[in-house]
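Chain naming follows the written order as A, B, C and D, and within any one chain the residues start at number 1.
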Amino acid sequence: MEKKKIVIGVIGADVHAVGNKILYHAFTEAGFDVINLGVMVSQEEYINAAIESNADAIVVSSLYGHGELDCRGLREKCDESGLRGILLYVGGNIVVGKQPFEEVEKRFKAMGFDRVFGPGTPPETTIAALKEDLGITD
Amino acid sequence: MDLRNRKIDKDVFMASRAEVLSQWPTGKRVDLEEAVAFHKSLPEHKIFSSKLIQAKKAKKTLIQPRAGVPLLQDHIKLLTYLQDQGEADLLPTTIDSYTRQNRYQEAQIGIEESIRQSKSMLNGFPAVNHGVDACRSIIDSLNVPVQVRHGTPDARLLAEICCAGGFTSFEGGGISYNIPYAKNVSLEVTIRDWQYVDRLAGLYEEMGVSINREPFGPLTGTLVPPCISHAVAIIESLLAAEQGVKNISVGYGQCGNLIQDVAAIRSLEELTEEYLKKYGYDDVVVTTVLHQWMGGFPQDEAKAFGVISWGSVAGALAQATKIIVKTPHEAMGIPTMEANAEGLRCTKQVISMLADQPLNNAQVAAEMEIIKAETKCILDKCFELGEGDIAVGTVAAFQTGVLDIPFAPSRYNAGKLLPARDNEGAIRILTPGNVPLSKELLDFNTAKIQERARQEKRAASFQMVIDDVYAIGKGRLVGRP
Amino acid sequence: MDLRNRKIDKDVFMASRAEVLSQWPTGKRVDLEEAVAFHKSLPEHKIFSSKLIQAKKAKKTLIQPRAGVPLLQDHIKLLTYLQDQGEADLLPTTIDSYTRQNRYQEAQIGIEESIRQSKSMLNGFPAVNHGVDACRSIIDSLNVPVQVRHGTPDARLLAEICCAGGFTSFEGGGISYNIPYAKNVSLEVTIRDWQYVDRLAGLYEEMGVSINREPFGPLTGTLVPPCISHAVAIIESLLAAEQGVKNISVGYGQCGNLIQDVAAIRSLEELTEEYLKKYGYDDVVVTTVLHQWMGGFPQDEAKAFGVISWGSVAGALAQATKIIVKTPHEAMGIPTMEANAEGLRCTKQVISMLADQPLNNAQVAAEMEIIKAETKCILDKCFELGEGDIAVGTVAAFQTGVLDIPFAPSRYNAGKLLPARDNEGAIRILTPGNVPLSKELLDFNTAKIQERARQEKRAASFQMVIDDVYAIGKGRLVGRP
Amino acid sequence: MEKKKIVIGVIGADVHAVGNKILYHAFTEAGFDVINLGVMVSQEEYINAAIESNADAIVVSSLYGHGELDCRGLREKCDESGLRGILLYVGGNIVVGKQPFEEVEKRFKAMGFDRVFGPGTPPETTIAALKEDLGITD
């Protein structure tokens, strides 16, 4: 079977590079074709990379707290750019401070993310979710 | 552009100021003479340099949190709380990430959204947007010195506004606020921009106002071997001293092995003083900063307190001049003020209990020798590459991977060096890339990691590095399989 | 009464059993053979001695809380929580204070009141009132070994019920559960009563069931110099070994100075083994226990975490076999189960981070020599006073103040020795009373305290002792003026 | 002025001796005539000592958690023994666990204590209260 393609990166003015490097490593090991945009990625960069590579999913990281401001409108822009229905994940420390996860999840789902993950989610969890959503069976 | 480690000519400096101050409307308000007068009106206990010098003399360890919220009144409330309920000796004003990227327009939206939603939408205090007088009202409201902490590659306007705003200390440097904090900014540019900041601090110094400067020690906070962060700290100290800075705090992020941490702080102070003297800067006061563990934290608060305490132990036993304190919320998000104060009080308890029992022994001395020798290998090569000019040498060193910071986001960083812990948890060099350690020192590092590999019955590899990245978050120091 | 350190004759022992078991109705249920069968049915991971031996071999440090509530189901819930959420390696069942005084009638009222008010009205689990089967349901419900911890001068019935109830470890001893825990009970009586307990444990041992025994190390928990608590621990080990005990954990309450604490744990293990061998007990396994700070705690929970962590550091760097863990509620009252688990997780984090870096250096070695020499002065005199019999010698030693425990409530304790911290915070002897240290060692102690007195510009006096009692609670180690 | 007499001790089966030794020292230094009963003091012992010495106050310590059970009826017994109105203080860790102090205070006041003090009350506070209640002016 062809490898599934995913675009990853850390959104906004965020420079937290460690998790991104590890996710790249983990997703690649898990058999995905990974386009890693690194840190400080703008919404346009995700979209362009996804269009260019014909990606199956965009996995957005945000660690530094501005996630809520940075992520707004990404789903709408995807829709406008012909990426209607593309799988959108977000994870990391996506809001400022320690907030009840259910509320945070609700807000990001309302923004159009398919799945929302809390602080310190291990790569295995994300990989399992991707496999499920992209219909990969081991 | 012709980069050199040479004091910027005053006229040249003044000419570029005009441009800097026009980057955002609040720049207009900056007036050097008037700012100096404000500083001179401050009582001694609000002055960073003075408090550090006293602490160094008394071998006392001070504590300082990180903290910043978008709105002025909230920010003052936060700092007052940390001063009164957190027993902080020194206070920060942590700047938000948009300001750090000079995106003042987005910072403005963040301020407005924070007001509208009655909740902090920025991860720090946007000092440029708030301007000089807002800064002064922070200084006026508190009884301890306040420092600006950020991570801004181009901090010229921020420095102008904050110095005029009465802050008596300014963190950062051309390397330490670039490589870990930026992706696409060249070192030539940031070193030059930080020469500006240092020149500004030097100007205040000439006018009788001491501004403490602090290179950001921990870099990426993630398994950085002491020799790497020491080399950067010393280079930034030399660059700052050349511009007239007289009060420098060099920092180091705790690695977690006690002997290595104590040796690192001690050797950092000694080496920085040695290099400053060697290059003719005789009247610079050097103090040290221990950052409690800067990598991933455990999510559980009780465990986080354990990590916080262990950092406090290292700082106290090393007699660092100050400790930058983490909070029990570290793994989760920006802390509440209560959690922030808890981290401080926990730290205060530990350092007070340990104040009278510094650690001095043969193991520490031996580790100091190692760290010094490694750092010198790197620094000597930097000077060589720059034909004696450390600014030029630094740029070349990053280009060639002679200086190489693990896990850095910057494309100006080689990223070939791989660190890993040894069997006692000290951070060693697994793959040196082009970092020019002597054969003897490389063999030492390799042998140390091999010892661990044997113990764990596996080969040393990138998996070991990953395991080490997660280890403290999972409740260990060494990432054993 | 003719006290001797001699193994109690089996017939004599059996005769007195009948009387002991009749002290409270639940005693009738005890049946030795049947109890041995229950113990033999236990899997190895529920057996205290086995887990300690494994840990000692692996140089691993285990953690154990204190915990006990009046009602059985609540108690099981509490211990299950500490096992699962506190990551405890070993569990306790702390007994309430009425049971400790053999006031079973009042304990009964406490149980009933606790049911009526739906709130714990006793400070522990009244095991005698609950009886053998209730105890077994505790053991059955958990996956780690469980120990009885108390403070009972006459613990014969408690030991019978708890051993039959399947507990595999029993804390206490004729000195350590008398002098700090009683006012009017003579040492002859308690030593004899504890010979009974040890003989009982020895009997289980003969029948193939190992019961771990642990003299209570910290005594009054308040500025006890290591030589005093070491002397007591070694005497109780010798007394226990004579009765056939084969698995002994000797304990020590953290003093707060790292070098002294590490040296104390190491010397305690070495000396206990040395004395046991010397007196012919060749097959006893000795493990060590570090109690996190046992004196007054700070009320603030964040500061309490600092104290808890510092104890964890001492235990880990000394490689103690286990650490008895305090909680952030220590200064306030019996902890909730959540607070108790927090203390455990904080401790776990610290000891895991430190597992790979034991402290070995010349200062530790030097301090070990001091502690050993001091302890030997005391023990030699005890043997001398008893004309070779340590049971007799111990009674005489307390009478004459040769053994003297600071701040003890017992009128059988001289209370003439005064301890104080030296300038690094180590606990030294300010006034020896009749404790027979050599002139050299006394001079050493005096010089150490004088160094502090000079530093503080005051004479060493009782005020210094008071200041030291309060110091950690107030956030310091040394009680400076 | 004649010294005021106070009886102190730790009630019940409680053996916490450290605070008691320090309170004895502090009260004596502060000019009181102190009858110290030490630890493990029964209600009868307090009352007998107070009658014998004609004391002005009884200061009860309880640290170990059984305070609530141990202190019940002390006021009534004082009344019966002719110590009607004698000043009664209690302090230490007087209940099991960390409980809201206002509630604890209320319960002990209902039992007849004139003043109730929470964990770690410094000697100076107690001394100031005693001086006020016994009408001592420095």
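Basically, a contact is a pair of C-beta atoms (placed from the backbone, for glycine too) under 8 Å apart; a residue touches a chain by one contact, two chains touch by 3 or more.
Just so we're clear, the structure is a prediction, and the values are computed from it rather than from any experiment.
Asker: Look at all chain centres (mean of CA atoms) and spot the one farthest from the centre of subunit B.
Answerer: It is D whose centre lies farthest from that of subunit B.
Asker: What's the distance between the Cα centroids of subunit B and subunit D, rounded to whole Å?
Answerer: Here subunit B and subunit D have centroids separated by 54 Å.
Asker: In whole angstrom, how far does the Cα centroid of subunit A sit from the Cα centroid of subunit D?
Answerer: Result: the chain centres lie 65 Å from each other.
Asker: What whole-Å value do you get for the distance between subunit B and subunit C if each is reduced to the mean of its CA atoms?
Answerer: 45
Asker: Quick one: label the inter-chain contact graph as line, ring, star, complete or other.
Answerer: Looks like a simple chain-to-chain line, open at both ends.
Asker: Per the touch rule above, enumerate the chain pairs that touch, sorted by label.
Answerer: A-B, B-C, C-D
Asker: List the residues on subunit C that touch subunit B in their complex, please.
Answerer: Its residues touching subunit B are 256-259, 298, 300-310, 312-313, 317, 341-350, 352-357, 359, 361-363, 423-425, 472, 475-478.
Asker: Over in the complex, which subunit C residues touch subunit D? Could you list them?
Answerer: Listed in rising order, the residues of subunit C that touch subunit D are 96-98, 100-101, 103, 106, 109-110, 113, 119-123, 151, 180-184, 220, 222, 295-296, 299, 329, 331-336, 339, 407-409, 462, 466, 469, 473.
Asker: Could you list, by residue number, the parts of subunit A that touch subunit B in their complex?
Answerer: 12-18, 21-22, 25, 38-40, 64-66, 68-69, 93, 95-99, 119-120
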